[in-house]
Structure formats: C-alpha cells, structure tokens
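Both complexes shown next keep chain A, but they swap its partner, so chain B is in the first and chain C is in the second.
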Partner chain A sequence: MPPKQVKGEYIETDTGNKVSRKSNILGSQNIILGGKTIIQADCTIRGDLRRAGAPGQHGNVAIAVGRYCFFARSSVLKPPGKTHRGAFSFYPMKLGDHVFIGEGAVVEAAMVGNFVHIGAGAVIGKFAIIKDCVRIEEGTVVAPHTVIPPFSRVAGRPGVVVEELPETAQESLELKQLYRVI
Partner chain B sequence: MAPKSRLSESAAARPPAILSPTILISDVAQLTGTHLIRVGNHTAVHPRCRINSSAGPITIGDYCILNERTQIIAPDERGIVLENYVVVETNAVVEAQRVGEGSVIEVGAKIGKGAVVGKNCKFTPLTTVADGEVVEDDTVVWGFGSRRKDMSGSKEARRKLVERQVEGLKAVIPSNRAKFMS
Partner chain C sequence: MNAPVYPSIFIACPCSDNVGQKAPTRSRTSNDEIDPEEEGQAFNPRAPRSTFSLFPLENLLFCEDCNQVRCPRCVLEEIVCYFCPSCLFEVPSSTVKSEGNRCTRNCFSCPICFAALSVTATGEEQTGPFILLCSHCLWSSQDIGIDFEKPTSITTQLAQKLKAANASSAASLTAPSPDSLSAARPLSPLGAGGTYLRPPSPSALPPDQTDEAEFGRLKAHYNQQKALASGDDYGGSGSLSRLMGLYSSNSGRLRSYGSGALRETVTARNKSEWRELEQLRTVEDEEDVIEKMKNAGFHGTTSQTQRIVQTHSPRLLDELRPLAALLRTKRSKRCRSCRHILVKPESKVGSIRHRIRLVAGSYIPQISISRLDHTAVNYNNLQPGSTHQFLLTVTNPLYDPINITLATPEKTPGQYPATVYILCPEFEVGATTDVWDEALGPEAKANPKVAKGKGKKTGLHATIWDSGRNWTTVVLEIVPPLLPEDVELGDDDHIVKVPILVRSVYEADIEREDTIGKEGREKKEHSYWSVLEVGRIAKKRGADEEGVRPMSIMSTTSSTAADETSGPRDRSLR
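Entry: the complex of A and B
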C-alpha cells in the first residue's frame, strides 16, 4: 500500500476557490464559482435543483457565485422553486462578490448583490432579492419574496430594515482579508 | 479505504422499511434505527434527510416532502406519524408523535418530543414547539413564539401545489428506492 498522503482540509481550484472536503455539494456541474470563494465543512449546496426542461443558452446553471465569497460551516444554499402555470420548477440563484454567509444560515434567495453579510443562523426566504451592501444580523428570518434595498441593516423575525448603513459600509464588508487568512 | 467501510456499516444498521413503489428517495438519504419505517405514495425524500427509528416506528403519508438536513426522529415506542401532504423544510427537527395533514414545518423549526400537531398548521422558520405540546388545527406559529389562526381557506389549493412540487422534484432528483429495501 502506498504511504498515506497528507491532505489539507481544502481543495483549491485553478481560480483559487477553496472547497472543503467535508462539504456536501450536489450537482456540481450546475454550480459556477467566480473564484477565490471559500466553502467550509458541512456546507450544503444544492446544484442538482436545476430548472426544469431543456437547457437554455446558458446551460442549466442552478447557482452562480461571484468572487471572494465565504460560506461558513453548515450553511445551506438552495435555489428557490415555485409552481408556475401548473408546472413546478426551480429558478437559478445568483450571488454577487464578497458575500459572507454565516454558520448554519439557510439561503433560498433569487438574487444576492455584492458586499452582503448574512449572519449566522439567518434564514433567507424563497425568491428574496438582496441588493448591494446589506448586513443581515444573526438569526434574522427574511420572509419569502422580500426585496431588501441597498445599504441597509436587517434584523428581526420577520426581518425588517432597522438602520441605514453609511456609504463607507463597503470597506467593512470586504472579504479579501478573510480569504487570505484561510 | 474509509468510504468502503462506511458503506458496509450503514448496510448493517439498515432498518426494516416499507416504501411505496411511487416514492422518490435520494441515494444519500439516511434511514437509521431498528423499528419499521413506512413511507406512503408519492413522497419525496431529499438527499441528506435523516430518518431515525431507533426508539419507535415511523409512518409517513402520501405526498410528503422531506428536505435536505431534516431530522425525523421517533420520540418513543409509540412512534411518529406524518399524515399526508406534510412538508418539512431544511434543518427542521421533528420529534412529534403526530403531525396533521397539510402541515408545513419550515426551515430550522423544531417540534418537541411527543408533541401533537393538528391539520394545516404552519411553523415559520426557526420557531419551536415544546415537548408534549398539543397544537390545534390551522395554527400558524411565527416570529418569537407568536400564534394566530389561518383563515385563508386555501387548504385545497395548497395540496395541489405540493402535488405539483413532488412531480417537479421527480424530474431533477434521481431516486434509488432499491437501496433502502431490505
């Protein structure tokens, strides 16, 4: 038997994504990672829930993720689904750059903008749209189909905008430093 | 070598199961325990859903949807019954004695040991029901333990939607019923 190889926790791809060996990624052919994204252990990504029917001009992308995103332990990303004209289908989910998803958070949003921080244990409902520079506090429940405007801080159950963020918020929401640490 | 030994372990601990020929059960769903697990027609069991019958038998009705990372655990020897059209979302933990027809348990909700849930109830994300509690029909539990009655009268329409959703899921999730038949 060959000597046991020493393996790190993360597999690094050509574009600098670091994906934990202990993450549960289903349907990886339908997931696009922009690069320098970190996926931690026990994180579940449901790429298998793709749009019904034949692949369109962009193929069957279920989840598209930007650069410098961070998915903490036990977080779940799942494309939203609904019944439209009598047929149930999942719809693609888009995440921007510098999106942080905290431990145990469940995201079923249709779109998440750039520089978004989703706290640990938060739940983002189906087809929610979150614009740029938003901070969602820990344990927040964002109702399905909600639209969160840019530069807002969201908390509560159901989640509402409790405060506006200053224009300098983007700097504090950047994740380049975090990528270097891991 | 590790994955191989894990497989044989799960084979040894496989509980007796009666699965309808029309169910959709993912390859990576986990059925554990020693008591009987019975699953009705057209029920969808997502990947990484955990059903544990160590303490008692589990009966799941027709057209139920059990999402990823849910845990269905029999609380005691009387077991647990999920009636027809029950939807259990991601991260939810159900240890109830009975969950009534058409109830929806959303993301991360917890139903305590031996609780009895009525028909058409809804538990919004991250809500909890105490051990042994009895929840009346048509109750909606939301926010931080608030409750109200659902007067919308959309029960029949909701059943249709669940049926459609199961049909949609059959198109995207490969089923492997044979794996769980002993």
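Entry: the complex of A and C
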C-alpha cells in the first residue's frame, strides 16, 4: 500500500504506535492510543478539544483510539462539540480497533467501531456513530448525527447505506497486515 | 458507482448449469476426474449469462456436504431478526406484521436528500416545539408546516398531525369519497397505501387524504361490483368479498381468493365499471397542476428519486413527507441443495459475530495476481502484442498441503483473444499452520515441508517463482490482442479476461462422527473456474477519431507501442 517511509520518520512508542514526526498532535495528554496505531505525516489530532468544565474521572480523555488503527496523510480527527444548556462543550471521540482513515478525511464522529474503513477525502459529521464492519467510500459525506449499522457500505453526499457487506467483511477490513508493512 | 479496479478476480459459482460453458460438464460430481483438456470447453467470461455467476471470493460461502461454493443465488435466507438501522432497536416480527417494515420510533430520513433527520428543539433552552431537521440540506418538517410538542414518539405525533390536517381540509372540502371511511380508519404516515391512482381533484387535499379518498372510492367500486355479481352465475361475489376482506381486515393474513374470478366478473360486466376506474386514473386537474408547477418553478418540483420513495408520489416539494426508516434484517443462510446451514449470525443487533460461518475463503485456494515488473505493466494501459509478465499466487487456507493444477485456454474466449501461458501449471502449496505460528512472526515461518530454494525466481519453464509457508507463486504471461481499428468495439472487448481452472487435490483425515480415532486419510479434490480481469488494453492512436488520424500520429505518445505490435498482428492473421 503506502510506500516505504524514510527511516526515522516515525517515533515508535512502547505499545508499538508509530507516530510521524510531521504529524500535528495537539493535547497529547488527552489522547489514548491502544497500540500498533500508525499516524502519518500532516495528520491533525485535536486532543486539546476536551470536555469543558470539571476535569473529573473521565473528563480528561478527548480522543480514545483502539489497536491497529491507521491514519493516513492529512487526515483530521476532531472531537464533536455542541451547545448544551447554553454552554458550548466538546464531547469525547472513541475509535475501536482496525480503523482506517484515508488521506485527507475529516472525522468528527462520536464513535467509530471496529473494522471500519473511511475512504480518502470522506467527511464524517459531528456525533455520527459508525458501528463495526463498515466501509465508507472515498469522498462520502456522512451527515451529522447519522448512525451507520454494522456490515454497511456507505457512499454519496450525503452518505447513505448502499449495500450490505458480506460475512467476510471483518477479514477484509483487518489492518494487522498494514501495520507490518510500515 | 465506482470505476472497475484492475486486476480483479472472480470465481464462478456452478449453481446455474452450463453458464459460460457449452458442455454441461457441471453435472458431474466433484469426485470425478475432470481433465481440462478432456473437458475441452473453457469457461467463457464473455458469455452474457456469465455475469450472473461470477463473484469475488469474499461474497461466496462454502457447503462442506456438497463440496461446492455457494453464491447469493444458491443459498436460502431466513430472517433472524429485524432491526432499525438508525436507532438499532430490534423490532419483534409480530410488530413488523402489524406496523409494517418501518421504524415506529423517531427515525426518519430527509425526503429531499435522504440523510438522517434529527429531532431538534426550536425553543429557548432545549424546549419545544421540536422539528425534524436534516443537517445535510437543512430541510425541516417546518417546511411542510409540521412541528412537535415533545421530542419523543415522533411517529405517533406525525400521524396525528397529518390526520388533523386531513380532517380540517376534508371538512372544508366537498370530499369526493364516501366520507364515512376517511375518518374511521387510522392514518398511517408509513404509507400503507401504495397505489398511484388519484381521485379527480386531490390538489387541495393533503397527501394522506388522497390515499383515504382513493381507498373509499375503490371500496365503493368493488361493493358495486359485488352487488352486480351476486345475481350472476359466475360466482364471483364470494371471491370479491374475500378480496375486500383481505384489505379491510387488520389481520393482514393473506388468504387465497379463488381462481381469478374477479377478472371474469369484470369482463362479464359492461363498460360502466371501467368508466369509473378511468375516472380514477385521471390525474388531478391539469390547469391546476400547471398553475402550481408554474408557481413552484422547476426547483419546487420533486425529482424522480424523491418521488418514487414516497407512497403518494408527490409532484411538489411541499407535498413531501419525512420518510420513516426502513428496517433491516439479520439473516441466516442455508445451502439450497442440501439445506445445511452455512451462516448463522448472533441475533444481537450490534454484534458482528456468527455462530456458524462457512465462507469459501477458508476452504478453497485463493488466487491473487501482481505485476512482475511494476514499471513495465500498467493495468489500465496494456500494450497489445507485447508479452506481459504477472505473478500468480495461490494461497492455501487448509491445514493440509495441496497439489494445484492450473489450466487455462491458450487463447482466451472472445472475438479478440489474448494469448495466455502459465510457466508452471502444476505445483504444491504448503499447509496453513496454526495461528500461533503466524503470531510468532516470520521467524516461525520456516516449514520443513516446503523445500527451501524451490523458488529461485528464475522465471524458467516448469519451475515456480517463489513460495512461502502456505503460498506459491508462479509466472503468468499474457499477450493482449491487437484490436482492429475499423470495427466498432464494445467496452468489454478492451478488457483482458482470462479464465483459469484451479484444481486442488489433497489428503485429509477422514472425518468421523466419534472424533476419537484418526484412522486413515482420504483423497479429496475441488476445482473451480476463476476469471482474472487483468486490465484494459491500451487505446491505439486515433482509435476513436478515424477521420483526424493523420494529424494525431505526431502528437501521440503510444506510437511506439503501435509499432511493436506489427509483428504479432501478422502472426494472428496467419
């Protein structure tokens, strides 16, 4: 898939995350990476946008990411925010395992499940919920607050479910192999 | 939607006899020896019906008892559960029967752009009234004059709103329908109707009124039919009342209603009844429609896609209604010929796990294709007449080593055949080892059974290119055909499609019911036809601009390719 990187481009963490030196990660103390996740150059991850007010027991995490995720070049992860009872606040964003985010995609979902492929240039609206085994095609625009059920292929602007994925979706969306290549 | 990706590989499901083949060789059981040479006929990927039997490996299941792949066409599906794709609540099948196949909670999609609608407060401090708002195109239920007092039970509220709107307009209207009906039957915003007939002047009626009025009219019509038929010797009255009972009763149970007696009755009558039906069919008052469309303008009218998903097929945007979410299902799948269960998902809506899942990928060898030289071959621009080298990799999903025999016709089927040559058509592929070996990484890769140095990447005849624990790679050579310039070609002719018969033979432990002793091994085999869609043949200079060709010779970059091809052209003409 992506070409071999120049040596030293990635910083590898104890849990095997590979984070590009050229990525733009804000508020890293509010970001949890599950391990073996790859963050490519020019990615923007807005961990600084965390819940307003009380930094309680769970108040500190802005973005939680599972294992074997892949954030391609120039993709953007931003926690969703809204005004509730007169006060604007951001809400945490949770990503499962084996989540692929394509080049230049912008994700503001509240939750992304396991084995999810988000194609290049796609836009996932605020507070969207994407369940397990979902493929979102390139350039799709998923409207805010949309819920995508498991085993769905989503395409279009706005993104709608266009097809049911076969039983083998989990294997085809797995990213272990991709991690080994980088 | 998406442009075809090359190369891609499809597998032929043999469920439909002799698709793409002239001889019905498929009637043989898989235990018989199938010699491709003897068989004579290769699978023809260009046969019109082949499209319906070719699937990517991911879409195929496998029946152990039949020793055969199963495609979506040769499985039987059984619904495990119904659920709403938006709120992800399971819907009991009894509710589906009584309420229909749409979500009865708060799940609606935009009638304009089909994105999900969300319940949004319009008042200060998150108070009502509430509206259904599309966050993609900003359509809201207020655009059709509907808002809600509370943010829950939207379906019920919407039904009441529409009913109220109907009642008020019906009161101010000389309703053309038997009025007793229009108020009596509870209205469903989910569209129980679904017929496209309209009463003469429904323009002033709200959408649901048209359904109601129409129901009344039809019922009156059939009542009249019944009355007329009762004195008849055709005996149609019984079936008519059964038919009417079918729709007026709430049970929804389908009962058989005799053998087309209704038609006989209608034809037996004179034309008076038909006249009434025709009257029903006259769609609105034209003057009225024209006037309304003139006022709304082109942008105020519905598109075809917007119209067909609405039950009352509205003409204007302000007649649209929010669409309740269609339910989805989880289904189990059975083999159509032996009824064994192949797929059984867990019934929990959010779960992606399966109790049973027999997918073809874990039974049959998988083939994949790549370029030997990345710079020499462009999948979307194959040069006619020159030899392209590809690597064909066969991967074994089984825990036993397999012997593979690949067979392909020297000339691919079709009017403009490509020449295909597999350097090493017979070879062994090692067994898939335990998941633990895989987890231990490449160090544990060494498998004593696969002799080291077997694949020296020599590209010599009858030697494999490379091999690993459970895969073997061989070289495949393809010479794309030279396409004639003066003939109108179909798009399909530009694509190189190579049929390959993949036959695997292996020894496996005999499966025993008691599972105690593993006595003896048995020989097993499986074969399937696959189709490699390798790529597109390059367009030669001026291929689609006959007249201006002399000018374009200078500017074209592919002229060298055309020169190279002069040799093979002679050969093919020979």
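We adopt the following convention: the second predicted complex is superposed on the first by the 174 of 182 C-alpha atoms of A that agree within 3 Å, B and C clash if a C-alpha of one lies under 4 Å from a C-alpha of the other, contacts with A are read in each partner's own complex, and residues count from 1 in each chain.
To be clear about the criterion, contacts are C-beta pairs under 8 Å (C-beta built on N, C-alpha and C of every residue); 3 or more make two chains touch, one makes a residue touch a chain.
Model, not experiment: these values are computed from the prediction.
Three-chain overlay on chain A, with chain B and chain C fitting side by side and no clash.
By the touch criterion defined above, A:Phe70 lies against neither chain B nor chain C after alignment on the C-alpha atoms of chain A. More residues of chain A lie in contact with C than with the other chain of the pair chain B and chain C. By the touch criterion defined above, A:Leu26 lies against chain B but remains apart from chain C after alignment on the C-alpha atoms of chain A. Legend: residue contacts after superposition of the two complexes on their common chain; A:Asp48 is shown touching chain B, with no touch to chain C. Once the two complexes are overlaid on the shared chain, A:Pro158 sits against chain B and chain C alike. Of the two partner chains placed by the overlay, only chain B lies in contact with A:Gly81; chain C stays clear of it.
Applying the stated contact rule after C-alpha superposition, one finds that A:Phe90 touches chain B and leaves chain C untouched. When the two structures are aligned on the shared chain, A:Val123 is found in touch with chain B, with no touch to chain C.
Of the two partner chains placed around the shared chain by superposition, chain B is the only one that A:Gly139 touches, whereas chain C remains out of contact. Superposition on chain A places chain B within reach of chain C only down to 6 Å, the least C-alpha distance between them. Annotation: chain A residues 86, 125, 141, 157-158 touch chain B in one complex and chain C in the other.
Contact residues on chain B toward chain A in their complex (touch as defined above): 47-48, 68-69, 90-91, 107-108, 124-126, 142-144, 161, 164-165, 167-169, 171-173. Listing the residues of chain A that touch chain C in their complex gives 84-86, 114-115, 125, 131-133, 137, 141, 143-152, 155, 157-162, 164, 166-172.
Partner chain B is touched in their complex by these residues of chain A: 24, 26, 44, 46, 48-50, 52, 76, 78, 81, 83, 86-90, 104, 106, 108, 121, 123, 125, 139, 141, 157-158.
For chain C in complex with chain A, the touching residues are 1-2, 58-59, 61, 83, 85-88, 109-110, 113-116, 118, 125-126, 134-137, 328, 343, 345, 349-352, 354, 357, 359, 361.
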